[in-house]
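Both of the next two complexes hold chain A, though its partner changes from chain B to chain C.
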Partner chain A sequence: MLDATGLMVFYENMLALNNVSIRCGENQIVGVFGANSAGKSTLMYTLSGIMEDIRRKEEMAGGERISVLGRINYLGEEIMDLKPAKRAKKGIVLCPERRRIFKECNVVENLRIGGYLASAGQAKKTIEYIFKIFPALEKLQKRIGGFLSGGEQQMLAIGRALMAQPKLLLLDEPLLGLSPLMQAVLVRTTKEIREQKGISIIVTEQYARPVLPIVDYAFILENGAAVLEGGRDELMNNPDVRSAYFGI
Partner chain B sequence: MNANSEQRRRERLDRGIKVRSDGIYSLMSYRELCYLVLPRAVLITGMLILPLVVPTYWQKVVSYVCIYALLTLSFDFLAHFVGLVSLGGAFFVGTGGYFAAILNTVLGLPPLLSIPIATILGAFICTLLLLPCLPLRGVYFAIVTLMYPLLFTRVIEALNILGGTDGMVGVTNFTNHYFIIIMLLAFLFGIRRLVNQDLGLVLRAVKDNDQAVRASGMSITYYKTIAVFIGSVMGCLAGAYLAHVFEWAGLSSFALDFSILPIAATVIGGAGTLVGPVLGAFILVPLNEWLRDFGTLRIVIYALILLAFIVFRSEGIMVYGMRKYHQFEKWVKV
Partner chain C sequence: MDILIEILIYGSIHSITLALMALGFALVYGTSRVPNFAHGALYIICGFIAWSFLKKWGVNYYLSIVLSIMVIGLIGALIYQFILIRVRGMAISEIIASYAIGLAILEGLRWGGFKGMTYTLPTFIQGTIFIAGVPVDLHRIVVLICGAALVGFLWVFTHFTRIGLALRGMAQDERAALMLGIDSDRMAVVAMAFGSMLAGLAAALLLPLGNIVVETGYNVLILAIAVCIVGGLGSWMGAVLAALLIGFAQILTEVYLGTHFKSVIALLAIIVTLILRPSGLFGRQKELEERV
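So, the complex of A and B:
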């Protein structure tokens, strides 16, 4: 479905992504694991096209020069030159790190903003679906986004991304700063979304343990390079991975 | 984004001489010394010989330029080092101007006394009046600074005090370009030094995250008060000097021009560089005079130039120039 090859991103002269190639098949959950500064977020920004936006802003403000190289093939089409909005229309939707929900809108409004690309019927159905998979949100419909707890905000952020009718959902550190219980809920729901909606998901995380059981395939990033890749079981049994990303 | 088969990117590196002369205490050669001193020397000598070389008609413009440059410096300092977007140019100029006029005409003080006293007194009053909105962040400061000049013009008009609509006439003429140029240079280098010292660090921290500053046990109101005082000293000095150049202080001392032009100059010069905005004022004010022949059309030309700058080079002249001076670029294979 998505096949990115030779992605390289430079922030000025610093190499943030070094020749990273990742693939994601139809209806697959792909994990990307790495420590801080491994390049996970950069990878997500590059895939979703936000990087192009950041690059232009930096250029206008006279800041760092960002160079992005490589190819991204999505559904048989080269999308490297497409703007983020076009990519979202084609179904690549990013659920950004640290949630970034609209803090002054309430829950339903947040979801509706996310549903800008969807038709009215689709939006209605998706909202119902989101309330079904996240029952906690249903009771908070009129709550202002900024007053939600971290876990609720993350649910809302995933819900908002779903409203854009993604074919490929990019989840950037969805478990950041959440309690183990909330993590388990989100992981379970992520799996449900894949099964019920048939969406492919790429998820990044620092700590692989909660997420690894649901991924089909995973990549390990280190200092901007993909050092290891493999199926779930293969990685689970790899001693290096176990010590570095499992804490065992 | 280029995805051509031959992958190249433009690399940007610091010049060797910059790296070598960055540690200012270890200059090894005259070349490095020149590299450091040259831009500053050009600026200072350029300003000092300016009154000698410009034609008679433009002599007065030199003073205007410096007045606007001071206001711009005040705007840039408050906006980009303290996080207070100030539209208070008019407020500062008006307050400083009226104080100078009162001190000079009513008390009979000579200009060399009335200007400094008006500056300090004016800055004190400005700070006091702006104090209520300092604990807040957001647009409040901008709104309040914009409202005071409007308020004062109406008060002076309605109560017919301080000369009413005619303004205060008979202020002693004091047009000394070197006075204002040296003041400008002193403030420029003073502020540049200030923002890198402890106080400046706190001020920049207030801009970045005032809650964290509060959490570190510092009163943001106190530090903002100091910053506003410094900013209004520059503004009031400009106003007091302007009153002595015009030999008059009146309602148009509160004109909105004094608030708007500094913002434009900052955009052109490069926000947050301090020198850039001053250069911006040195471009915009003469341009303003030069375009006077076009009548009201000059506003159109003016607006177009500003627009072009914002759209095509929003980084500003100074940021661009500094990058070209300090760094070089080359293509490298990836």
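So, the complex of A and C:
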């Protein structure tokens, strides 16, 4: 479904992504694991096209010189030159790190802003679906986004991304800063979304243990380069991976 | 007692006038973060376009108003698409660029011979009614009703329509909006066109009450900025409340201190707000964000 090859991102002369290639098949959950500053968010920004937007704005303001290289093939089409809004329309939707929900809008408004690309019928159905998988949100419909707890905000962010009718959902560190209980809920729901909606998912995390049981395939990033990849079981049995990313 | 009713009536009318002037500015800033300093110029140019349609080409009055508002929306969109988009995200450059455009338009109009007291638009309805013994001309009642309707319309627009919600999302977090497929450049053009149309609408409603003169453009800009700063930049609900505050303050000074103190109030409001509450009456959450 998605096949990105040779992705390179430079901030001035600093190499943020070094020749990373990543694939995601139809209806798969793919994990991307790596420590802080390994390049996970840069990779997500590059896939969703936000990097291109950042580059353009920096160039306009005379700021950092950013270069983005590589190819991204999505559903048989080269999308490297497409603007982020176009990529979202084609079904690549990013649910960003630190959630970035609209803090001054209430829960329903956040969802409806997310439904910008959806038709009225799709939006209505998706909102019902979101309240079904996240019953906690249904009770908070009129609550202002900025007053939600971290876990509620993350549920809202995932729901908002679903509103854009994704085919490929990019989840950037969805478990960051959440309690183990909330993490378990989100991991379970992520799996449900894949099964019920048939959406492919790429999920990044620093700490692989909570997510690894649901991923089909995973890549490990280190200093901007993909150093290791493999199926779930293969990685679980690799002693290096076990010590570095599972803390076993 | 009479004076109280007079203050109440004229205060409301004046407040709505200020709100009309400020809403376009507040909307553009609130959604695309572009401080549109050409706002006053767009306001005046709309008056001249309507005048040209009406007097030069003999178009029906109401039709010429609708046409001029559409033209002004187009002008706003073009200004954004070809000039302001290049300085997007650089606050100082945006102010300089838009102010320069405004200056060019206003002084260009003056240079082109649009000056003096000869340019006027007729009122919508002639006549005067008495409300509790206070004479009010009917056109001012029309302004009052249209202004209130516009505030209501804007509320519905930003809370229930797809475009309005997308604009609000973009104002809060442009990058997050991009991720959801909201094309921020195109939305900013929409916002600018819409804001210009609001300036045009304000002009169509308010200019029949006086002459169309270039200087009004500068006054409108200053009043709009005063209202927006007091209300909290970008919060158009704040702008409406600030318009009420400044409107009544101005009418009260006019009655008790004299007409020439009236314009001092708007400028004083800017200074007091910047000293006491830099983010304005409704900039609370922003202020919190800045501190974090």
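Note that the second predicted complex is superposed on the first by the 248 of 248 C-alpha atoms of A that agree within 3 Å, B and C clash if a C-alpha of one lies under 4 Å from a C-alpha of the other, contacts with A are read in each partner's own complex, and residues count from 1 in each chain.
Simple rule for what comes next: a residue touches a chain if its C-beta (ideal position, glycine included) is under 8 Å from a C-beta of that chain, and two chains touch if they have at least 3 such contacts.
All of these numbers come straight from a predicted model, not from anything done at the bench.
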item	value
When chain B and chain C are modelled together on chain A, clash or fit	clash
First (chain B), second (chain C), both or neither touched by A:8	first
Chain B versus chain C as contact partner of A:150, first or second or both or neither	neither
Which superposed partner A:71 touches (first chain B, second chain C, both, neither)	first
Chain B versus chain C as contact partner of A:210, first or second or both or neither	neither
A:50 touches, of chain B and chain C: first, second, both or neither?	second
Partner chain(s) touched by A:230 [first = chain B, second = chain C, both, neither]	neither
Partner with the higher number of touched chain A residues, chain C or chain B	C
First, second, both or neither for A:60, with chain B first and chain C second	both
Touching partner for A:84 - first (chain B), second (chain C), both, neither	second
Superposed model, chain B segment overlapping chain C, candidates 60-68, 132-140 or 186-194	132-140
Interface residues of chain A shared between complexes with chain B and chain C	60-61
Parts of chain A lying in touch with chain C, wherever the complex brings them together	48, 50, 53, 57, 60-61, 83-86, 88-89, 93-96, 100-105, 109, 112-117, 146, 160-161, 163-164
Chain A partner contacts - residues on chain B that touch it in the complex	1-3, 7, 9-13, 270, 314-316, 319-320, 323, 334
Touch list for chain A against partner chain B, complex	8, 10, 12-13, 52, 55, 60-63, 65, 67-71, 78, 80-81
Residues of chain C touching chain A in the complex	86-90, 159, 162, 165-166, 168-169, 172-173, 175-184, 186, 285
